[in-house]
């Protein structure tokens, strides 16, 4: 046990390594160059870009379209990263470095969209709304991870729990013809799988990654098996009712934000409610303090009379509930039907979002949204007829995750006892 | 087997060219089968048709599923037995072919371009076995394989024309699963249909999601599993004003259907089979479907093996020979004026007659 | 008066070890009872039983003459028992108030934490027992001395009547220890009963009301500070006479081997932890760095040995600049390093002893020929070292995880000292070891020095630094306060400097005691 | 000394021999043969039993029979399960009756068909061996490589390209070259997250997951663009590889048994040798077991991670390469059924030891191969094999469950389970 040295001086050195300074400055100048050569010089003067600020299919909360002159906008968007890049090279931004790189990247993305949509229109609000929905399963998956890992249990089984949840949600929803009962089914299936994870990893202390892998393989096999055996031969078992949009009176009318957050799917509401609930529960309640203590230093918690095993069970089961809920989103909140492998790796991406968000609900949600946005922007650009091949465009969310992780986020602070079984002596 | 209860209906509705001839034995066979006493005899003599799906799986809402429906129809109508194996990966093709040859299948139906090599090799090694492959043709033709291909842009053309006529916003949309020819041919035909409408009527209907100039450009989900993605693509198209959408992406298209159903101000165009029948929950928004009658052609091939007329070669499904079709408008036929219907019929004739030439 | 706590016939068997053998113990109200015994004698085990962490195989526990069963820490807390553990049970990323209230939180509106209320209670306790802490500090940001106060407040917060201190002074300066003793006495005066575990005889004699000695799991005797002295206690503990002095001749040091100039090191949060340190170590001398743990020694050592990047300054070894050299390069230049944390840094626990003995040299001839490891040679090498350094292990292939702490340390010493070296960096080389092992390792270090090796010794044990070093550098808050000749200062003076003060009188009286003043 | 030295000295000698033979850490070897195999054997048995329950519980004829009578129900269960497992056995090992018939008839084709099931199981095992070694080597080096699937895709793409685009080379050069290209492609794909971990500390779990998706998209793009088969109109299928690049199959159809299996065994041996016999292996394992100690001992953690990821990726790339060169002969969409993910389970069941990986791969290959026949005969979806694999993995990983199920005694020496760390693990 190495003792951490005490802080000698509170003055911190926000020194960015010179190579990094140089590198980021060049990156920012390159961004400016790309906007200039790629967009500005290909734009006719006097064209307009129209951004529609109301998503389609919405009749409340309308907002006037936002029309901007394309060329001047693009020129401004060139100047911003250029100035940032120059300042970065000459002086450096210190603490604000990452933010400035982010700003430059935003200029690039916004410039791209503005340019692509020059002379026509693009529904910006729709894109945002889609991004939020695309972020939902990832964010819920990340929440699931936060809950369990904050108590020191690694949960890579989120994908499996989500897959099972989506299948059971569809099945039960179809049988009962009730989306809510279906959702309960999805949640229960997540709960059951997480119970297995808990028993294996907490009681039998088997390696948590192995335990998670067990559940992932089991779920993939079992859902495919049941799907082939029953759902495909009997469509009636695979057509649950769908949760539809529920506008929140008053709030739904707010332009732009209304459609995004207050006139949407029940799962979006649940995600935001969970964000607040988990954030508050973890950091402001007795229960959360104890849960985190178990994830940081289970022996210390034990000596204070906290039941480590029980707390971990609770956390893992809650994690399963949230993962099951996320699973339910696919069949009950999105498409109303199960097909094999339909979670398409969202659980793993959720896990990435959790790490990315530093094991915090708010961070996890941010990461989920970055992912959702990358995905939505990619589709939008393809739709506008982008020159980038769709396969390459589809890489965007993954590339962005990697770049952000590599460049702009420090090493995460995983809970200290994450992944370690607790051995009571 | 998908959509079991509904399976019979389309069989009645499909006026496949040679179908009436076959329907005779239908009535008799089941009657003979009923008595349990004959079980051993039936088991020995039962005619076995085996399908190997590509990696999309039997419930792909696309060619695997449609071809299997042909076999299912044959099971009910001709009293044959059917089996299938779902490929998990490319290496399974050859293995499954061997397994079915071992099993003594009378006809092996494989699905998709990607099984082409393996099917050809198996056919060469087993000249006495009969094969058929969906969505692939051999050049030169192989003696014991029937390749079934489809000039799908013909029926998609009709769909495009209809869509252009129906749209109120002047914008229609499409997206695909992957930018591959069997997918993009739908999108291409669709766009050409819309363009033809514009040409004839002097309108300016726009198609989002596909670029005639460059078949690799366009809107694709890059996945045949992720229905949520399909949903968001449809939403995105609707946001940009599209009110008729044709998803060419297997089950991912059902995600789009869900989105359209929710918005309620756009229409869906199904692909491969008549979605009004295979996905009845979206019947109210299904304008029509670009049908690729792989079930009918597969059924034909089974029949030909049964009655000993099987010869290798390629069948090209076209509007002319009934291998392609535009599905009825069902609940939405009100949207189609008699005039428009007449135009569609005319266009179909023109295509058959070669007056309208697709690229 | 009946004792507040009574243990009768407590027995605990671990696989192969009888850790507690029918131990009887009685504790009176308001009394400080010292529990004394060498490493592995069974003290911690006994206390863990009392605290509900272990279950005894036999024996009963009475509190106020009432027999109770303690199945868990909760039971112990309910019975009014509290414990300051040998390794602090604090959560670094939690604040002081969170750490203290954990398990007995102040809440409002059902389950919401009421940090303000808890802070108020903490400040009251802090006032009453003179234990100043800031409730809102993160524990990872406060010095160990304060951390210990937090541990004590944790017990008082739970209204513990019986307080157990397991080796509480191991991480404290003598002054801090004295402060702790004051606190203990005041606690006892206010009616708390204390069990105090330590290896340090001086402390026992100073603070205890009564002394109990345990050896090999059994009580070997009881005495009081008035009746006993250091030698009698040591003999009781170990069962033989022990020499407590290191024999060492004065030597004239040779050339500078290691030179540190203006070294600046930061932690991962960019806080400065080593603040412009300059120091020379010459051939044939031991320079000891005294200081309370957590004053930058760890980071200083890591920077010297290449394990940590320095933010400024320069380190040279035999005239070569090694400021930015890799650990391997530094090792190859002829330096050796006994790390502070043997299990985390020094050993790969699941690997066999033999592999651990070549951890720094396996890639060189003769242990590797080309890419292929020469296991036969590695094994012979291991057997020789096991013999030479008297490492008690069943075989060279036993995983080091199965060795006792002392023997694990010997594996490291053997590995590091068996190479030809000019410089030895020894961090806490005897941490947690018993007298016998300490004796041995000290002998080896002095032997290395006598062979002409430059030795830099870092240890929070003032005695160790005083006895081994030729010169002593006192480190405080990342700076070297002074470098002094070990012959010319008293322990008290160094102890005082460890708290950041320069003892004025002593230094005025004899200016040449300060070899170098660096501030 | 609290223990008798003599006993241990003896044990030490025995262990020394074992180290020389298997190179594993001695503690894992301190078990008798039975206790070493009891757990896996019983785990497999239990997996089969639970699979049988699943077969029976989802069979409509069983329910019908139970409606008839209880005895009939039991009989039907027995028949159903027996038929299914007989198919599993004959489909993966062979049908004794068929073998003797075929031998009697002397017909080449029949004989080949009769012996095919067993050999086909080995064919199925081959990519598992490579992928399993990739994961195992990662774990041994302190890395959790979830990116084997993506590395496999890139490896396959590289092998394919070299396989068809280069012409005129003799077999002896072309085949190894294509295979190595696969390894190299995988190595590159593994190296990137390794390098990122080494330089930025970016977690390899996230990065390898991301690299998987990027690899899928990239290969799709290549297959329908630069690498598409001429005349296919942009179908995602590559040209057939040259004959000179093919890894030869030993027999004629339907037997696909090929040289790749022996290459896999050779590579497994090589990995074992590398890990346990060379200084590089010791380096990797040290970093894997205790990165702090490794750093202290002068090893470069970052370099070790990057190298380990590259080697792991190379092994994964070989899995892709061998499938292309020996079995598929061209690359197309749907290349892998998830070898990269299955191999995580596989490596863990095999205790991250090359020998364990080989044996488990053969088990997995056998199960998958048999499942085909089971589907053909009983129409049981092949996915049941996944369920059984999960259950076997669970029981292998938690021997305590098996022990309590079968009332086995607890071993004296705590078994060393495979090394896998949580997220924090392996970071310096």
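Letters are used for the chains, namely A, B, C and D, taken in the order the chains are written, and counting of residues starts over at 1 for each.
As a working rule, a residue touches a chain if its C-beta (ideal position, glycine included) is under 8 Å from a C-beta of that chain, and two chains touch if they have at least 3 such contacts.
Everything quoted here is computed from the prediction, not taken from an experiment.
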Chain of greatest Cα-centre distance to subunit B: C
Chain pair, C-D or A-D, that carries the greater number of C-beta contacts: A-D
Between subunit B and subunit C, centroid-to-centroid distance (C-alpha), Å: 76
With chain centres taken as the means of their Cα atoms, state the distance from subunit C to subunit D in Å. 47
CA centroid of subunit A to CA centroid of subunit D, Å: 32
Expressed in whole Å, how far the mean CA point of subunit B lies from that of subunit D is 37
In subunit B, what residues contact two or more other chains? 86, 179, 216, 222
Residues of subunit C engaged with two or more neighbouring chains: 344-345
So which stretches of subunit D touch two or more other chains? 217, 220, 224-225, 338, 381
Chains that touch, pairwise: A-B, A-C, A-D, B-D, C-D
Subunit D partner, complex, touching residues on subunit C are 16-17, 305, 307, 326-332, 337, 339, 344-352, 355, 359-360, 362-363, 367-368, 371-373, 375, 379, 392, 394-399
Subunit C residues within the subunit A interface of the complex: 48, 51, 53-54, 72-74, 77, 83, 85, 87, 89-94, 98, 101-105, 107, 111-113, 140-144, 154, 171, 266-273, 275, 293-299, 311, 340-341, 344-345, 477-479
Subunit A to subunit C touching residues, read off their complex: 1-15, 284-287, 289-290, 292-293, 296-297, 299-306, 411, 413, 416, 425
The answer for subunit D against subunit C in the complex is residues 1-3, 5, 7-9, 11-13, 15-16, 19-20, 25-27, 277-283, 285-286, 289-290, 292-300, 416, 419
Applying the document's contact rule, which stretches of subunit B touch subunit A when the two form their complex? 1-6, 57-59, 86, 179, 208-209, 211, 216-220, 222-223, 225-233, 235-241, 251, 254-255, 258, 262-265, 281
